[in-house]
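Pasting in a structure now, in structure tokens, and then I'll have a few things to ask.
The first chain written gets the first letter, and so on, giving A, B, C, D and E; residue counts start at 1 in each chain.
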Amino acid sequence: MNLLLLILIPLFTAIAVLLMRNPQHIKWVALTGATTQFITALWLLLAYQNERAAGNHFQMLFEQRYNLFTSWHISFHLGVDGISTAMILLTAFVVIAGVLVSWKMTKMTKEFYFLLILLSLGAYGFFISLDLFILFFFLEIAVIPKYLLIGIWGSGNKEYSANKLALMLMGGSALVLVGLLGLYFNSPERTFDLIRLSEIGISTETQKICFPLLFIGFGVFTALFPFHTWVPDGHSSAPTAGSMFLAGISMKLGGYGCLRVATYLMPAGAKEYANIIIVLSSIAILYGAFTTLMQKDLKYMNAYSSVSHCGFVLLGISMLTKTSMTGAVMQMISHGLMTALFFAVIGMIYERTHTRQINEMSGLLKVMPFISTIFFIVGFCSLGLPGLSGFVAEMTIFMGSWEHPDAFHRIATIVACLSIVVTAVYILRAIGKTAMGPLKEGYANLTDASWNEKLAAVILVAGIIAIGCAPFWLNNLVGPDTQLIMQKILLTQ
Amino acid sequence: MIQPGLYQILFISTALFFIGIYGFFTRRNLITILMSVELVLNSVNLNFIAFNKYLWPNRLDGVFFTIFIIAIAAAEAATAIAIIINLYRSHQSIDVENAEEMKY
Amino acid sequence: MEGSTIIFYMLALLSLLSAVLAVTTRQIFRAAIYLLFSLIGIAGLYFWLQYEFIAAVQIVIYVGGIVVLIIFSIFLTQATGEKLPKQKYGSQLFAVLAAFCGFTVTVLQLFKYSFKQTDLPHVEPTVSNIGNMMLGLTENGYALPFEVVSILLLAAMVGCIVIALKNKSLKKV
Amino acid sequence: MNEMLIIMKSELLITIIIFLLLFIKLGKGMTNDSLLILVQFLMLLNFIAGFFFNLPGNLFDGMYHTGPLIAFQKNILNLGVYLISLLFADWFRKSEHLTEFFILLLSALLGMFLMISSGNLLMFFLSLELATIPVAALANFDLDKKKSSEAAMKFILSSAFSSGILLFGISMVYGATGTLSFELLPAQLNGNPLQVLAFVFLFAAFAFKLSIVPFHLWTADVYEGSPVAVTAFLSVISKGSVSFIFLTALYKVFQPMNELWYNMVMILSIATMITGNLFALRQQNIKRFLAFSSIAQLGFILVGISSNALEGTSSVVYFVLIYVFSNLAAFGVTSVISSRVGKENIDEYRGLYQTNPFLCWVMALALFSLAGIPPTAGFFGKLFLLTAGASKANYTFIIIAALNMILSLYYYLKVIRAMFMEKNEKPIEKIRLYPSVKLGMVICAIGIILTGLLSWVFDYIQSLH
Amino acid sequence: MPNVTYITLIPLLPMAGFIMLGIFGRKYFKNTSGIIGTVLLLISTMLAIHTAYGYFFEYGKLDGIYQKMIPLHYTWLEFSKGVSIDMGIILDPISVMMLVVVTFVSLMVHIYSLSYMKGEERFPTYYAFLGLFSFSMLGLVLSSNIFQIYIFWELVGVSSFLLIGYYYNKPNAVAACKKAFIVTRFADVGFLIGILILSFYAGTLDFNLLIQKLTSPEASEFKNAVTTSFLGLSGLTWGLILVFIGGAGKSAMFPLHIWLPDAMEGPTPVSALIHAATMVVAGVFLVARLFPVFSMSTTALNLISYVGIISALIAAIIACTQTDIKRILAFSTMSQIGFMMFALGVSGFGGENGIGFTASLFHLFTHALFKALLFLCAGTVIHYIHSNEVKDMGGLRKYLPITHISFLIACLSIAGIPPFSGFFSKEEILLAAFQHNIIIYFAALITSGLTAFYIFRLYFHIFWNKPAIVKSDHKREGGLSMILPLILLSIGAAVAGFIPFGHFVSSDGSTLENTLHIEFSIAPVILGLTGIFAAMWLYLKQNNRPQKIAASMSVLYNIVYRKFYIDELYLFVTKKILFKLVGRPAAWFDKNIVDGLVNLTGNATEYISNKIKVVQSGKVQQYAMYFLFGIIGLAVLFIYIWK
């Protein structure tokens, strides 16, 4: 399995899209690219599992290294472990669904697909890079496409949102950058290589400075309270596929970074600041949930709920137990699929009813049973119904968090638990108002999902159910690597 | 009175320098501003010569510097006056306050 | 009290005083004349320092060249008798303040510093010495700066010509 | 003698071209179009020639010296001038004094070359003046525009003032050390107050040329008033060359006082970034906007300079190379629009994408590069500057710098927003570009993308030491 | 030994039905879906009975004690060593008993719905949801792992949600399903935290291990759990109480009962299945499942008893005043579950002591039969009258004879009149209460009298009272598919009491003889009869006595009629406190403070940039002045201050 494929496929797709003229062809090219990538991701999963089953116990598999900027000791170092494989899989799911959902895009089709693919390229690159510099490069690549996607194809107060998003994310990455530079200059040998850095270790003082920089920096991407305000505006202004990518992939970059870069490299720092982050993420969870409660716009609702759900990711990471970290990864995957689907559904509904206000809709189940059913499924996933992915992830986080016997962690866990009630309230409220109830006048002629929308939804639902009903494969995929991270944390006094 | 020496000359040149700068700050006529610049350059020349004379007579660095400064001053003054004349043509004035169109 | 000392102080007084007048007088033509005096005073100082060549250059280029240029341009742009407009007190205050502060700091540092002196043999600033060095290519040669200045003067000339002779086209338009 | 000619080859080439142009002018002259083609051709030759027969050496008692790095720096400047000759064809064609324009431009370039190569404060001063005075004349080349003469006036007066300051500083250095040579100076410097004062004077003059706060105030006015080509020259070539010599001055000459200048560079760098960004934020005129943005960029260059190491030099040189592409591309687009439609306001760029997608993409690439967004080269450039600056482990400094990147992104995005997102009933009509302009823009775009991704460019610069 | 495939098929068949009908039902099985669902469930029922027979009579016993068997065990999600969610099957008396009850009642409802729901637009969906429910409920009772039970617990909740909201275009139904889900969800959080606590102490999620570790006094886990204390209660007690809260939510115990009456907005068969016979007793089942652990904590048990009795009493009182037929039954359900709960609470563990346990589950069993019957009868009536209000009914005994008889049997059963099944189970409960807690006993006595009163009030209202106003156009009692379940259930309700329940189900698996003391039964039976006669006096014929009585105690009546204003209290808490005091400030905070800060940064930057523009004054002299000031500043700074 050559990991370069994961970058090259989107790259060539993007170039191909740029060269095309006919919008119809562009769509198909994009879809072909996404599908190829999807298959490649599945292939990667299989290859990875085969390799592990065959007893390959290297930390990273399929490693490749090309020297780049030798004077800075930067190398194009690629490799995957269970966590990144899972994230790549998630990306592939969301990308293909995103391409499918925006099938009817007529405005500047070429640019739209180009940016989508560029965004996915950033995500793929981010997940497979083992060199912090490259990682940062890909992290930033993904920012501007988001800005343009929102700004050009968005709706509502799009320019404001796009600006806010771009600036806050750049702010986050600026902190990340400083943190990375701190690591670079304070490690015994100047290197950006993730594996090397973890081997040689970083002094505790450096960790204390760099950890917050990196964690907050990545945290901005993951809607760490109080740096989450780009999330609601950004998500709600973005076009459907944009929101899907934003919430499904982009927010995961941050979570992955928090785990892979901040926590993995700086266990002492992680321990030092864990409590603060726990407090912040607990606040985000409950506060996000309550804020969601008050939203009247479906997209805003889902965006705020993302704040809450991503709080789980950060909570899981900062609880610093193997289980909770596994849970955090699961939550990333789960939330990625779920929220992408959620936005897709909202997009479908909006396309038909031309409103996103919860109060202005009613009885959609009658005229669009498919879309409404998906709405139900995704809602249930969001509120953590067993059998769907959300449950598995949240429970794993709870179980992991509960392993700390002291009152502080207990309270944080309980706070997190309480949020699932609030989640239920707002999800049911939304579903009850939109899908259920008497059919609103004038809605009788609305149509149900078209083939592309159905396909997109089915793909994502399949992912959600695959995790929800059989979480063990994901657990087995991710578990050993979180175990590894945990070992490092345990080794620091 | 004290025997004149390096420090006295330095005092004079520094004073000249800041007189020139004062002129540069306060004059409103562009040509007078240019005159102030000439004063400044002259003070520097005096410095160089004094240093050369009193401290470093082993080489003629200071002298040459002064010569070149004078040459440059000429070139600068010429260009500046050309520009000022051009400005006068378009503004009908060489008051510096009439040339503040671009700001903020 | 030697005569040379008196001469020195008189020259110093001349150049400083006329410099002050040059930057304060409100009649532009007088300002130019004061400038002239100041420059002559400085040339006198060069003489006093026995740098005759420099003094000569000073008089030729400055007094004979630049000041004349300035006076010409004054004629070109200004009715001579006209007084310059009054300066604003506020900006003057700041200017005085700035100049004074700068002066104080600089003079303090200059006077506090104990300058070293070379003990190497002196080189006299005679015309021949200067001439030889000016075109010397090797050690102590100033050929390169000389060339640079010549290019600079050429460029300045070209520039001046373009800028000052522009109006033909303007009139056409 | 032969060797000397080869060592000074780049300067001599320029001189020859200057005289060639002078003879053309003195002869019967040429039409603008053919002259432009000739100049472009000559510049290309000049640029290509820069890669061959490079000999390191020391001439004129150390007043002139060159080496691989300096040769490369000169090549960057050559490239910049070549691009200028391509990109501003619109303005050149209308210009009445094209020959003189290039004579002056090349004199200034010559001055810069000599400045980079200078090994002596006298040479430095002279070449600095050579690089300045012709540009002041150039700034006035929009002869019938009031703003142009105002700009020239401001420029010549300010630079005369700064020359005075510089000279005073040099005179103090001379008095305190007895030497003007870059080689001999470090041994004489010990950081006592007078030397500090002298250094501050010198530093201020550098800062003036580099438009570093608080010595930057002339920049915006001059940029706005000058013809775009001159603005571009000032903001790219001039800045680049001064940063190069600044590196030499700080790293070699004033090395004994590095603690002092580190602090000074840091303070001014922060001030420059912040001020530049804050002013850029509210500009409407695109030239003025680019002026302030370039001030902020200079703040970033200072971050790199502060590192005081090999990496500092390489990253600054690398950044200048990228900056040449990015800023020239931005000015190129500005120039096309300004000379064709006469619009210079950002608001008037609204909806440009509907009619001129190519221009928009070039502009977007340029601005993203300036903002440091991957995959453009600006990302790498800025990152390496920051990396170099971070080697002192001064996190506050780096964080401020990094946060300033956000601020700068904000206003770059403003332009992007105007071009791509905002609607306009009457956008600027479709512009047919001259081939040379198009060529220049394509070169810039390719440069912007590839300079970063081809990592050996940086390694090559690093190896030049 | 048990046949694993068969047992696994019991829940999986309905699940298969759900998937099949859920995905393809609307297209391909528009009309046949009912049959498909019913047949699948029929097979399930047969398998369940087969399993029960096998367990109780063939392989279940070892040394006279029914064993816990785990024929299937599969790690589903491993958290850490030893702690994992396992998917497994546990066979013990209660799970097997529940298997039978659930499949049987569910089958009855499936059959009944064939005609009751005929012609509904979402007929396949209905059966799909029923399948989902059956699957979840069966999974719940078979769970071998406490987290597994939680998973199915949630699934049960969601199927309940879907079925209550079946008539999705009725706003009431939508509100009811939301309410049901949210209230139980709230309780489930307690359950979840309880699970976390218990699993933390026990170090396992497996029921067997968990019970083993938390009940043996020597085990370090147990000591740990008992000795740690928080707010005066031991860790174990906290865990148990929280788990009980989960159970209380699902079983509609006071004060989490408010969802149950509203849940009656669902189709009536669904109410019979979910909100009377099966899902609502999940709480009882849960406590029974963990009973050995519960018996370790007197506090928890006391809490259960009091919650149970209060619920029983309150529900009975409220039921006396309600006028909606289904709501009355709903309150009655709540009351009866209260009986089961406090029976558990007053029970001890093992031997004769465990009579409450047996009684509780016995009552669960009989209640499932007669309450399902009551609901199905009510369904028939509603089907016939097209109204839920008792005042629209009356004199129906001639029109609906089979329903009438069935209803009467069920009423007698619930009123505890011998020899119907309810009598036996209730008698045992009262006995257990009498033995352990005399206060509860008397409260229970009163409740049982009230029970008789309200149920007969309903009975007389429907079938006697006033002459029937018949406007129905269709045939009397639906088809065979509606009558058959009634008959089968009536038989069950009538004779189930004679099953020697203690032989099969007891707290420790050993045999418990049913002892029936005639002298002890006198009081409750007389009370029951009194209730019946009172109802007869008031409601047999149309008269104005009820109104008079209601008027004479109008305040009290109103309070009771409005269900003690508990709904309003909840409304206050949610609308006023959660939404207005938490949600709105949170949203405000986000919009104005957090977001405001971000915007403020932007605005401040703009502001500063506007303010400092004067520096760029366009005056070249000022520029030079700044230049000089800069130099002086730097010089002073570096010469004098920062050396």
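By definition in this document, contacts are C-beta pairs under 8 Å (C-beta built on N, C-alpha and C of every residue); 3 or more make two chains touch, one makes a residue touch a chain.
Computed from a predicted structure; not experimentally measured.
Engineer: Both subunit B and subunit C are touched by which chains?
Structural biologist: Where subunit B and subunit C share a partner, that partner set is D, E.
Engineer: What is the shortest path, in steps, from subunit B to subunit E when you may only step between chains that touch?
Structural biologist: So the least number of steps between the two chains is 1.
Engineer: Report the chain whose CA-based centre is farthest from the CA-based centre of subunit E.
Structural biologist: It is C.
Engineer: Taking each chain's centre as the average of its Cα atoms, which chain lies closest to the overall Cα centroid?
Structural biologist: A
Engineer: Subunit C to subunit D: how many Å between their CA centres?
Structural biologist: Here subunit C and subunit D have centroids separated by 31 Å.
Engineer: Could you give the separation in Å between the centres of subunit A and subunit B, each centre being the mean of its C-alpha atoms?
Structural biologist: From the centre of subunit A to the centre of subunit B is 65 Å.
Engineer: Roughly how far is subunit D from subunit E, centre to centre by C-alpha average, rounded to an integer in Å?
Structural biologist: Roughly 76 Å separates the two chain centres.
Engineer: Give, as an integer number of Å, the spacing between the C-alpha centres of subunit D and subunit A.
Structural biologist: 42
Engineer: Any chance you could list the residues of subunit A touching two or more other chains?
Structural biologist: none
Engineer: So which stretches of subunit B touch two or more other chains?
Structural biologist: 10, 17, 20-21, 24-27, 33-34, 50, 55-56, 58, 64, 68, 72, 75-76, 79, 82-84, 86, 99-103
Engineer: Hey, what residues on subunit D touch two or more of the other chains?
Structural biologist: 122, 126, 129, 133, 136-137, 140, 143-144, 152-154, 157, 161, 172, 175, 178, 193, 197, 220-221, 410 - these are the residues of subunit D that touch more than one other chain.
Engineer: Which two-chain combinations touch?
Structural biologist: Touching chain pairs, listed by label, come out as A-D, A-E, B-C, B-D, B-E, C-D, C-E, D-E.
Engineer: Touching subunit E in the complex: which residues of subunit D?
Structural biologist: The contact residues of subunit D facing subunit E are 153-154, 157-158, 161-162, 165, 193, 196-197, 200-201, 203-204, 207-208, 214-215, 217-218, 220-221, 260, 263-264, 275, 278-279, 281-282, 407, 410.
Engineer: Going by the contact rule set out above, which residues of subunit E touch subunit D in the complex?
Structural biologist: 602, 605-606, 608-610, 612-613, 615-616, 618, 620, 622-624, 626-631, 634-635, 638-639, 642
Engineer: Spell out the part of subunit A that touches subunit E in their complex, as residue ranges.
Structural biologist: Contacts found on subunit A: 164, 168, 225-226, 228-229, 232-233, 287, 290-291, 293-295, 304, 321-323, 363, 365-366, 369, 380, 383-387, 391-392, 395-396, 398-400, 402-403, 405, 413-414, 417-418, 420-421, 424-425, 428-429, 432, 435-439, 471-472, 475, 479.
Engineer: Flag every residue of subunit B that touches subunit E in the complex, lowest number first.
Structural biologist: Contact set of subunit B toward subunit E: 21, 24-27, 33, 96-97, 99-104.
Engineer: Give the list of subunit B residues in touch with subunit D in this complex.
Structural biologist: Going by the criterion above, the answer is residues 10, 17, 20-21, 24, 30, 33-34, 37, 40-41, 43-44, 47-48, 50-51, 55-56, 58, 61-62, 64-65, 68-69, 72, 75-76, 79-80, 82-84, 86-87, 90-91, 99-103.
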